[in-house]
Every structure is written in structure tokens, then in C-alpha cells.
Amino acid sequence: MKSLKSRYNIDNWLTYGLVIFAYIVMRILIANGKVSFALQGQLVPITVYIVMAVSLNLTVGVLGELSLGHAGFMSVGAFSGAISATLLELSVRTTLPAWMRLALAMIIGGIVAGFFGFLIGIPVLRLEGDYLAIVTLAFGEIIKNVINVIYIGYDANGIRISTESANALNLGENGKIILSGPMGAIGITKISTFTAGFILILITLFIVLNLINSRAGRAIKAVRDNKIAAESVGISTWKYRMMAFVTSAALAGAAGALYALNYSTVVARKFDFNTSILVLVFVVLGRMGNIRGSIIAATVLTVLPELLRTFNEVRMLVYAVILILVMLVRNNTTLQHLYQRIVTKLRYDRPPAEEGDEA
Amino acid sequence: MTFLSYLISGISLGSIYAIIALGYTMVYGIAKMLNFAHGDVIMVGGYMSFMATTNFGWPPLLSVLFAMGVCTVLGILIEQLAYKPLRSAPSLAVLITAIGVSYFLQNAALLIWSPNPKSFTSVVLFDSVRLFDGKLIISGTTIVTIVACIIIIVALNTIVNKTKVGKAMRAVSEDKDVAQLMGISVNKTISITFAIGSALAAVAGVLLCSAYPILMPTTGAMPGIKAFTAAVFGGIGSIPGAFLGGILLGVIEILGKAYISTQLSDAIVFAVLIIILLVKPTGLLGKKVLVKV
Amino acid sequence: MNRTTTKTKMVPLPSQSIIPERDTAKTPILEVHRLGINFGGLVAVDDFNIAVGRTEICGLIGPNGAGKTTIFNLLTKVYKPTSGAILLDGKDTSNMNTVQINQAGIARTFQNIRLFPSLSVEDNVKIGLHNQVKYSMISGVLRLPVFFSSERRARERAMELLDIFDMTHLASHRAGSLPYGAQRRLEFIRALATNPKLLLLDEPAAGMNPSETEELMSNIEKIRDQFQIAIMLIEHDMRLVMGICEGIAVLNYGKIIAKGTPEEIQSNPLVIEAYLGKKNGRLSC
Amino acid sequence: AGQTTKPTETDGPATPSGTDTAPSESKQDETDPGTSTDTAPIKLGGIGPLTGSAAVYGVAVANGAKIAVDEINALGGMQFELNFQDDEHDAEKSVNAYNMLKDWGMQILVGTVTTDPCIAVAAESFSDRIFTLTPSASSPAVVEGKDNVYQMCFSDLNQGIASAQYIQEKGLGTKVAIIYNNADAYSTGIYNKFISEAADKNLEVVSSTTFTDDTANDFSVQLMEAQKAGADLLFLPIYYEPSSLILAQADSMDYEPAFFGVDGMDGILTMENFNTELAEGVMLLTPFAADATDDLTVSFVAKYKELYNEIPNQFAADGYDSVYAIYEALKDSNVTAETPANELCDLLIGIFSGGDFVFNGLTGVDMTWSETGEVAKAPKGMVIENGVYIGMD
Amino acid sequence: MLKVNGIHVFYGNIHAIKDVSFYVNEGEIVTLIGANGAGKSTILKTVSGLVRPATGTIEFLGNNIVNLSPHIIVRKRLAHCPEGRRLFSQMSVEENLEMGAYTREDADIEADMEDVFQRFPILKERRNQLAASLSGGEQQMLAMGRAMMAKPLLLMLDEPSMGLAPILVEQIFEMIAELNNAGTTILLVEQNAQMALSIANRGYVLETGSIVTTGNCADLLNDKRVKKAYLGG
């Protein structure tokens, strides 16, 4: 029998291969002008959602805790990334190349979101099941609510922050408002690229897949499967739950930064409960714990609503129906039974003479 | 006195959350699924009552019964078509389907009733109670809502704890396989659960719209989430807990607005929620599930 | 160190070893002193005293609901005792939690099997090896050389352990899909993988037929000899208990009613009355 | 050029054959396939929320714009084809819709309806050089720094200033309380400007409280604060749905200040089943009133009612006007369906900010546009009496 | 009474039961024995409808019950006491027993519960405690009691003696015999093959999903292979 180890490896390489292949194909098609604007415009969001889905899968699929606030971490990453990218652009004398600003913004977004992941992890990880889920939801809502009242500006005197209004920043000459309450981060220079997204996916896969298939990953899965048993063999459940939670948050943060820097504006409202749920849909549809599934589901479900534009006003209705049908078909037991029945029919409906033949 | 009027406002708002949370908890406690479409069934209930009173000219009480009837059928239908085939699938799969149903209902409502908001005429006929020369006003809707909540709590508790169907519900919620081995029809039990839950959603929808008389396809979404929060806050599966959770959520929201900040009212509500859960990790009235080691 | 956290008055620690003459030289691996716990009004364990020698196999028997599993839960800090002290290797354990207890040297199996059902058999054992084969998360993610060498070691060790119960061919199966008996053995192996000084087995033979039980008995003895550990087991299969235990304590209603060698226990009328029944009493095994 | 799979367009007839090549907005097939040029329509793109919580605005704009296009096409002469896409009130979806319209061959953009999606899309249309006229995205940030982006509606700044001025000049109130939506750029924008203008005008603001879309149910605290502070005028720089709740709740509290709204308040009277008595005496600054008696409004409202069975609100009028403004601007030029978008863009910029382009529409007369893209039109002060708007002057 | 014919059962792609046929006559005690993983529990689950066979027929009282839902099968008075106790852990002891009598409408329920309490006095002591708090053996008694409350025509027991004190093991087997005398047909799965064979009429020996031997109990007890494999040296 093939060892599990090598099966993991093949599986992982398949995942990497799929991503790299898709990237190369897209590049070639774009170079030949064969990709519609609509699809080109979606490339960065697709990569963002893939990273979101893969990172959420770490919490939901691998750690086995339902998080309803993953968009909150994306939000933290998006705003810290957007703010730092804009500040870098405004303040650093020797202008950094765009890709470097983007990279720094993603790193900062990741770190800040990871830190928030840690903070929220402290209360969250004392809870279980749906109580935990509700706290993640609460966190997402708090972030959304708080960002709406923060104003940040930059002028010759440096950074200014206010919780009242843009006017209260009292910016001097040439001052620039970076974050403007409900208007969100405005005046972002778009620097996100498909390639950056591709690299972020690779990094995410590297971190997540390697983590899952290592000692720490095993411990995380052990905690998911049976907390009491995990503790009985000397595994600190707190430590490994936190590890998964923070990693997941940090990756979502990096994705958030990439997302924010793909548009000239980003608002807190974007990262609400619905976005958290959307990412959860990717994870569940792609099967919990299945990384490749997350990637495919995120891609398909991001593109799908755009493909459905032909349906006009019934578009979202059609989307809902497709979503339900896909879930039903994917989990249909009768189909599975039918399959088994056919298989046995083929094997055993022949003359009664059959003895223990299989090895 | 000001505090008292804030408190009453909080209870008014909370009673609405509570009545939604009761339906939520009902389905949630038994079918063990987060029925994210619950908020949208509420919305449908609102529209039904609206149509009955405004378009057909029916009396308010009849409109409520009509809404309950339609929602019950709708609930059973949703359950049969979308959730039943997933009986043996992981619970998150059902949650996603529920989200699909929620999208479906919202968008169907958008097409049927257009996105334009409608102004709802309260079904509560009697006036607000005014105390201390009108300094304290308790609206008729609030009184009706709280009374309805209490009736529902008593009724649900009786059903769940005293009747055969209630026992079946509890058995199903614990272990579907073994429940079947006891001769319980899991499908029938869950259908009944959904029927009751949806009827409650209709009542909640009508009262929600009576208290805050505006009706749109998205009307149920946010109250649905808040009520879900309230249900968890009160302790999952605990019927009085859902009520208490709802009331408290409303009170915290109003007091937070009044004494801290209107801008951050949601942040305050959720922060308080987190703190309380830290102290009481299984919600206000939730029992810790006993695990035998 | 606070050795006596008893709420009652201090009593000198008597030599509680079931077979005192065996271990006089060294301190016993486990000393339990006046242990007790209540659940609400129910006194589940009361004034429980025992000492277990370093390589002793001892049995804990008693009627259903006597408090045996509860004692295991107290030893592993799943429950906090209402009174009493537990000394492991001479050290007080009152400030330890479940995780620390395992790291200090107690491993256990569960009466209601608690595996990691969605993981492979091999991974279940490797999780048991968690604190034996260590490397940091960073080396794991970056796939540093230490990752590969440690993982190889973990795999080899896991296979060695599985081999004790002839389970290497099941290594890649999902633990949850194993038949009941195999799950019990896997739990045993997983506990063993944590390199304990004291192994607590809660009904290891439940769900095994007599010939399987016999195999298990010889394995338990083999493991004790090979790993030089102490084993304390709860079991209702008298053939196993009487066959391999050097000392036996009998519990009833949370209290010890008898202690002694298998022979003594089998002929103890109290034990026969409360636990063994007429037919099983004196039944030679 | 190979055919790519791209989303096919929706409204109206299919794209003229032969132009459906690799997407690039400058790439226009030179070979005329033979159809007569005067019937080939100019492609207008439209973007706004047709689903989701803001659908009410997007659908209204789309409907209004559709009526305008149909009317114009019926006139003969210049023809338009409108393709209106849903953006769910989300910047990402809005940009997606925009790109899809680009694939379709959009030459001019009427959109987008809501503010922050509009900011995101405007940045795209700016770099693509596609002329953009937003019917209703009112934040100054929409047009800021983008020479090709114009607004049909008042900017938030204007509304804030105008409201404060109006209240002060007419002496409508001495102590003002404000309730605004602090999660909404439109509302916050007006509020901020109003506050600073009120300070200049010595208008006393005694209470400002907020809500968000998630807490837009219960306004008791906000109203009690206002009442406690002794406010005699309640300024509501918000949309009409929450306003209707505020009016109802104030009524139940026996609190009766003067109410002053902005253009978002329009629509309140036509809300199905709304008890217009609640809105009695409410004042608002709005460019459009469905029960105005001028011919244009009357015919528009009649048409709208016939087609959609509803009474149009300001957004519908904005959509209608936006299409007409573009039509008026282009009417005399000889642009065709073949004119590249960037040429149209430069042409329209020239016309709109040229100084002598004056437009009369449903939402105002003698409208002109500044180079920044803001519209100049006189706000109409209205007061609701007996369930209808009455001009206040 | 029960006739199982040529069933095949799969878990995913594991072929757990391969072409198994057997029957149980009215009034009999029939036992299935076999090593861990032989498929004993799977067979019981298939009969009670929890697991669906890929092919094959199962007749109970002359009616085909394959593919019926478990709750319908139970109502035909075929009860299954599953492996691993499977109690309603958040319900009290008493409620668990009531659940056992769920399909019954008669007036004897109270009396039967008293009967169970009489057999297992410890349960009476714990009657208001949650099932989850019971000890392993107490849970086993409760599971058995719950199955008895159903008053079935055919009772399938999956390892009823597991985790019970020796004194109770005796008692359980006595009870099984008593139930049988009172008219209940019994299909018994036991690890304690010696005991099982000593009270049963007939037995089937299962190996890796197939039946390898069958016969009446006396014969099986003396069968060398059976002795070696299941009864211990």
C-alpha cells in the first residue's frame, strides 16, 4: 500500500501545479489579448478570495471551529495595508517601486491582522462551538463599526488621527486624507497585480500545506477531533488552537491588503458578515479541510455571478438556486448508493459461483 | 426617569429581538442547524401580513393567521426541498444551503414586491400606555410582543418537555440514528420543528414590522443576525435564554447608545456580548453539555 | 512543596503499596492519599489511598458505578479532587493540568474510546509522540532538515509501536473506521507513545473475545517488561485481571473494600458478594 | 482574432456583427458591415445596485434611464442602447460590471448610482478615458481629480451648505438636532459640511446622534436626546426609509419639532401605504418632486407609473436626466456608434465644462457644470402639506 | 421470522459484508460471533435499517424491509440495542427509558419501567441523573433497559455484556434467557462467545464479512476452529 506520506505529497504537488498552471495559462491568454476585460478585472479578487478561503479552511476545516468573522481580519489587513501603502507613497523620499510598497503593505496587513487574531483569540479560544462562532461574528461587526468612525490624514507634520470628522484632522497645506470614516480609505493608488496575487497564493499554500502536514498540524487536527484525548497525550489545546487562528488571520490580512490596493477606494462595509459568509461558502463547497477544493470553489463562485449577468434581474436568484443545487448534489447519498449498487451488480450478478477471490 | 425611558426603549427593542430569537432557537436547538434563512422567512411573514391588510383589506388578526399559514407551508417546503436531502451531510453543508435559501428568498421578494420599501400598518390595535404624565411611554406593540413572547415560551416549553413530539424532538437533536431506532421519524419531527419555527417567524415578522413599520426584501436580514446573536447569548437551545438574550441585547444596545455613543452602538453591544460570554462561556441560561470522560 | 492538600486533618502517609515488599527500596511511582470527590450530593470517590510500584501491574475493580473511571479522571486532572493528594514520582501534582500530567508521565486510555477518528492510525500514534519527537512550527513550515529527520524518526517509532499489536498494516486506515477492538488497541498504543511512567488502562479488553483478550494480556506484560513502566488497569474481565495483575484494589461505592493479590481477592467474601457473584468467585483463571 | 468566451450582453439587440473582436475599447472595426449608420446606437453603460439592500436606488435610476432612452430612440435621429448592470452596492462588483460593459463596447457611462462603488469605477473610467456622468453619487470624492466624471445630483457639500443657509435664512429653527447615518458616506458628508456651515452661520446645533444601517430600526435614544436638548428643528440628512421610522417614532413620543430633510428624503410620500400625515410639515431640499405640475414631470411620472406601476422618486429622475443631458450634449455633433469612447469623452468634457451648455431637466432648470464635474442648480425648498410637496418660496 | 438473503454492505469502498445470508426463527436465540471487524455490528445495523445494503433482501415476518427507514422497521417491533450504548446523554435515565417505549401506546409502560428498575436497582437510584453522568456499566444497563422497554418481537443486542461487572454479566444472560422464554426472539452479538453459545439455540460464525460456519450451539462449542479462534485456549 502506498504510504500516506507520498499521497499527501502527490496531493500537494497537484495543488501547486494547478495554481501554477492556471497562472501560466492566464498569462499566455492575456498576452495574446484573448481575455475579456471582465475576467481580467476579476483576476486579483479571485486570488484574494482563494487566499481567504484557504486561510479560513485552516480555522474551519483543519481546526474545526466555525468562524463567522473572517472578513474582519481581511478588513484589518485591508485598512492597515492601504494606509501603510499610501503613507509609504507620501512620505518616503526615495520613492519605493510599486511592487515593494505592495509587498510591504501585505506584510503589514498580515502582521496587524495576525496581532488582532491573537487579541481576539484570547477570548475566542476559551469558548467552544457556536459560542466561539458568535464571538468571531461579534469581532467582525466591531471592526466594521469602529473603522467607520476613524479618520486618518497625512500632511507635512506627519500623521493625524481623529474620531470625529475629516475636518477635525486640521490638515495643513497639501494634506491628504487617507481614511475618511464611512468613505473608507480613499485615494488609494492601485498597485495590486495578478502576479502579486499569484505569489501570495503560493506563499499561503506553502504555509498552510506545510503546517497541516507537520507536527503542529497534526496537533491542530487532534484538537479538532477530540480535545480531551489531545490533552491526555500532552498537547496544549490552547497553543495549537491559537496557532491555527493567528496564522489564518494573518493570511486573511495579507489578502485584505492585496484586495484594498486593487481599488481606488475600500470601505468597511465591504467586510461585513456577508463577506465572511461568502468565504465560508467557498470553504464548505470545496469541502472542509480540502485545500484544493477551496481554491476551485473560490474561483468558480467568484466568477459565477459575473457569468450570470445574462440573466439580468433574476441573476442573484439563479445564483441562489445554483448554490443550493450544488450543495444538494455534492452531498447526495442516493447518488452514492446508486453508484455502489451498480458496482456490486456488475460484480455479483454473475453466476452464483464466486468465492473469496479478491486479495 | 430618563434612565427608565431608555430602559423601556431597550426592552421594546429587545422584545423584538427576543421574539425572533425564540423561533431561531427552536429550529436551532432541535435541528442543530443555523437556519440563516430564518430572517428571510420573517420578511415573508411581514409581506404576507402587509398584503392581507393593505391589498386584500383583511382585518389585522386574520392577516397574522394568514402570514403564519403561508410561512408554515414555506418553512416545510424549504425543509423538504433544501435541507432534508442533506440529513446525513455535515452540518455546515446545511448552513450553506440555508444561506442559499436566504439569498433566494430575498431576491424572490425583490422581484415580487420590488425593492421599494413599504410602510407597514401596525397590527396592534390598542394604544400605548402612558405613565407619569406621558413621560414614560410603553407602546402597544411592545406589550403585545412581550405577552406573545411569554405565551410562546410557555407553549414551547410545554411542547418540548411534556409532549411526545417534544420528546422526539429532543431525541432527534441528540442522535438521529438512535432516535430512529426508538421508532421516531426524524423527517417528520424535523418538519414539525420547521413548521413551528416558521409560524413563529411569521409572528415575529408581523411584530417587527409593527414596531418598526418598514418593509423591504432585506428587512429580516439584520434582525435575523441580531436574534441569532441573542439566541446564542442566552444559551443555545434554551428557550427562556433566547428571550432573556433578546431583551438584554436590546437593553444594552439602547443604553450603549444613550450613555456611551450612538456611533459605536454596535461595537458596544458586541463587546459586552464578548465580555459576558467570557464570564459565562455557555451563555446566560445555557447548560454546559455534560461529557462523560 | 505542599504535600497534603487534604481538607481533613493531616495523617501520616502509610505505606499503601499493594505488595509492600516489592518496592520498599524505591519510592512508588504513584502515591494517592485520601483522594475524594463529590458530584453534587454524590460521593463518587471517598478516602481513596493507593501506591503503585514502578513496574507494577495493578488492577482496579469493582461494581459498575463504583468510581473506578472517576479515579482515573482524578489522576489525569480531568476532574479536580474535592480532597486528597496525588504524588507522581514523589512530586505533588495538585497544580498540574491534564497536559502537564501527561508530560510528567501519566498516560491513559478511555472507557468510551476517544481516538482522533478522522485521522489515520499512523497519525494517531504520531500525535501520541508529540512531545517525544519535537521540532518547531517554523521548521515544520519551512521544511528545514530537522523536519525530515524528526518525521522519519516519528514514523519509525510509530511503526514500531503499531507492530506490538500487529497493526502496521492498518497504518493508513482512518482510525474511526476501525472495528471496536482495534480502536481499543490503537488507543493503548497512542497512550504508550507518550512515553509514560504510569499507564492507566480503562477496560482495555472490552469488546474483545477471549482469544483476543489472551493476546492482550501477554502484550500488556510484554510492554511492562520492555518499557519498564507501571500499569494500572480497570477491567471487568476477571480472566485478565486475575491473570496479570500483581495487586488488586476493589472499590465499592467510592471506597476501597479490599486490597490484595488475585488469590486473596477471589476468595474475599465481600468481593464475591458485591462484585464477582457466586459463579465467578473462586473460578480459577 | 480568436473568439474569447466573454459574458454576453443583455439588453436590447445583440452587438452589431463584426465588431465583436478581441476586446479593446479603441479597436473599432473599420469595415461597416452594411447596416445603415444612423440606426446603429451609441452604447450607454449603466451601473447601480439592482439587488441587495440598496436596490431601491439602482432600480429607480435604471428605470428612469430606460424611459429616457426609449423616448430618445423614438424621436429618430441619434439612437442609444442602454446596458444597465447590477453592482449590489459594492465597489468590487461595480468594477466587474464596468469591465463587462467595456467588453460590450460601452462608449459612455451613466453611473454608478451609489457613492463608494462610483469612486472605484470613476478611477477606472478616468484611466480608460470613458465619459462618466453619475446620476446620484454625490460625494465630492467622486469627481475629485477626474476631469471626465460629472455629477447630475447635488454634491454633498452643496446640500450641507444649502441646508444650513436655508434654515438660517428662513429662521426655521433656532436649536438644531441632527440624526445622520455614520456608516454612510452620503449622510456623513452632508452632516460634516452642515456642521461647519452652521458654525459659521451661528446656527446652534444642540445634538448630533447617529445610527448605522445595522441599527436603523430604533431611534428612541436619538429622539430623546434631541428632545432633551430642546431642539426645535430636526435635520435629517438621510434617506427616506429611516426618516419614515423617525417620523413615526417622534410622533409616538409626542415630540413635534420641525423636520428638515435633504434630497434623500424624497420618496417618502410615495412609499406604499405610508401615512402621509406623519410627514405633514416636513421640509426638504430636493431637486425633484413627483407631483410637480410642469409638463416634463407630469409626463415622466405618468410614463413611469404605466411602465413600473410605481411613482418615481428622485433617483429615477436623476437617471432620466442623465441620459437626456448626454443626449442634449451630443445632439448636434455627428458622433456615431463608431466614435471611439475616448473621442466621445473629450468631446463631452468640452461640452459639459465649456460654459455654454445649459440643461433643463426633471431635477432642475438651467443646470450647468463646473470643470470639476459638479452640477450647479438651484435646490428647491419644499414643504409637505396635505400629503403633497409645496414649493417654499 | 427474520430472513436475510445475500446482502452486501459497503462503507465507502470498504466491502464490509459480503453475500451474507442467515435466518432467525420465532422463539429462537441466535448468536453471531466473530473477531473484531468481522462485521457483526454492521449486520445488525443493516437489519435495523441504519445502514443500507447494496444488494440483497431482508424479510421480517414475511415482509421485505430492505430500504425502509429504521423508524418504520422498529414499528414492526424489531428493536436494536446498538453497539457503544448510544444513550440520549442529555436526557435523564427515566427519559431514556421512556424513549425506549416511544412506539408503545399501552398502559403497561409504567409497570415495565418498574421492572427495569427492579432488575437494575442502581438505575432507580440514578433515575433523575443525566445519562451522560452514568458510569460505563450503568450506561450499558440503561441501554439494555431501554431496548426492553420497546417490548419487541425480535430484539437485536450488540454486545450487551460489555463493561459490566461479572455479577451483572451473569444476570444479563439470565435476563436474555428470561426474555426469550417470555416470547421474545433474540439475535445476539457477543464477544463472550462461551456465554452466548451457552444460552443460544444456533450460532453463525463470521469472518471478514462472510459467514464461515453455522450450526447449533453445542456443535459450535465443540468445533475446533471456533474454540481456537473465539473461545480462547
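Note that the chains take the letters A, B, C, D and E in the order they are written out, and that residue 1 is the start of every chain.
Just so it is clear, contacts are C-beta pairs under 8 Å (C-beta built on N, C-alpha and C of every residue); 3 or more make two chains touch, one makes a residue touch a chain.
Note that the structure is predicted; figures quoted are calculated from it, not measured.
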Let me spell it out: compute each chain's centre from its C-alpha atoms, then which one is farthest from chain C's centre?
D
Maximum distance between Cα centroids and chain E occurs for chain D
Whole-angstrom distance, CA centroid of chain A to CA centroid of chain D, is 34
Need the CA-centroid distance for the pair chain D / chain E, whole Å please.
73
Whole-Å distance, chain A centre to chain C centre, using C-alpha means?
43
Going by residue number, chain B touches two or more other chains at 107, 110, 263, 265-266, 291-293
Sequence positions of chain C contacting 2 or more other chains
69, 78, 110, 112, 114
Which residues belonging to chain A are in contact with no fewer than two other chains?
141, 145, 148-149, 228, 313, 316
Across the complex, what residues on chain B touch chain A?
34, 36, 82, 85-86, 88-90, 92-93, 95-97, 99-101, 103-104, 106-108, 110-111, 225, 228-229, 232-233, 236, 263-267, 270-271, 273-274, 277-278, 281-283, 291, 293
Across the complex, what residues on chain B touch chain D?
2, 5-6, 9, 12-13, 16, 50, 54, 107, 110, 114-121, 128, 134, 137, 139, 211-214, 216-218, 221-223, 253-254, 257-258, 262-263, 265-266
Going by the contact rule set out above, which residues of chain B touch chain E in the complex?
164, 167-168, 170-171, 174-175, 177-187, 287, 289-292
Within their complex, chain C touches chain E through residues 39, 62-70, 111-112, 177-182, 203, 206-214, 236, 238-239, 274-277, 279-280
Tell me, which parts of chain C touch chain B in their complex?
69, 73, 78, 110, 112, 114
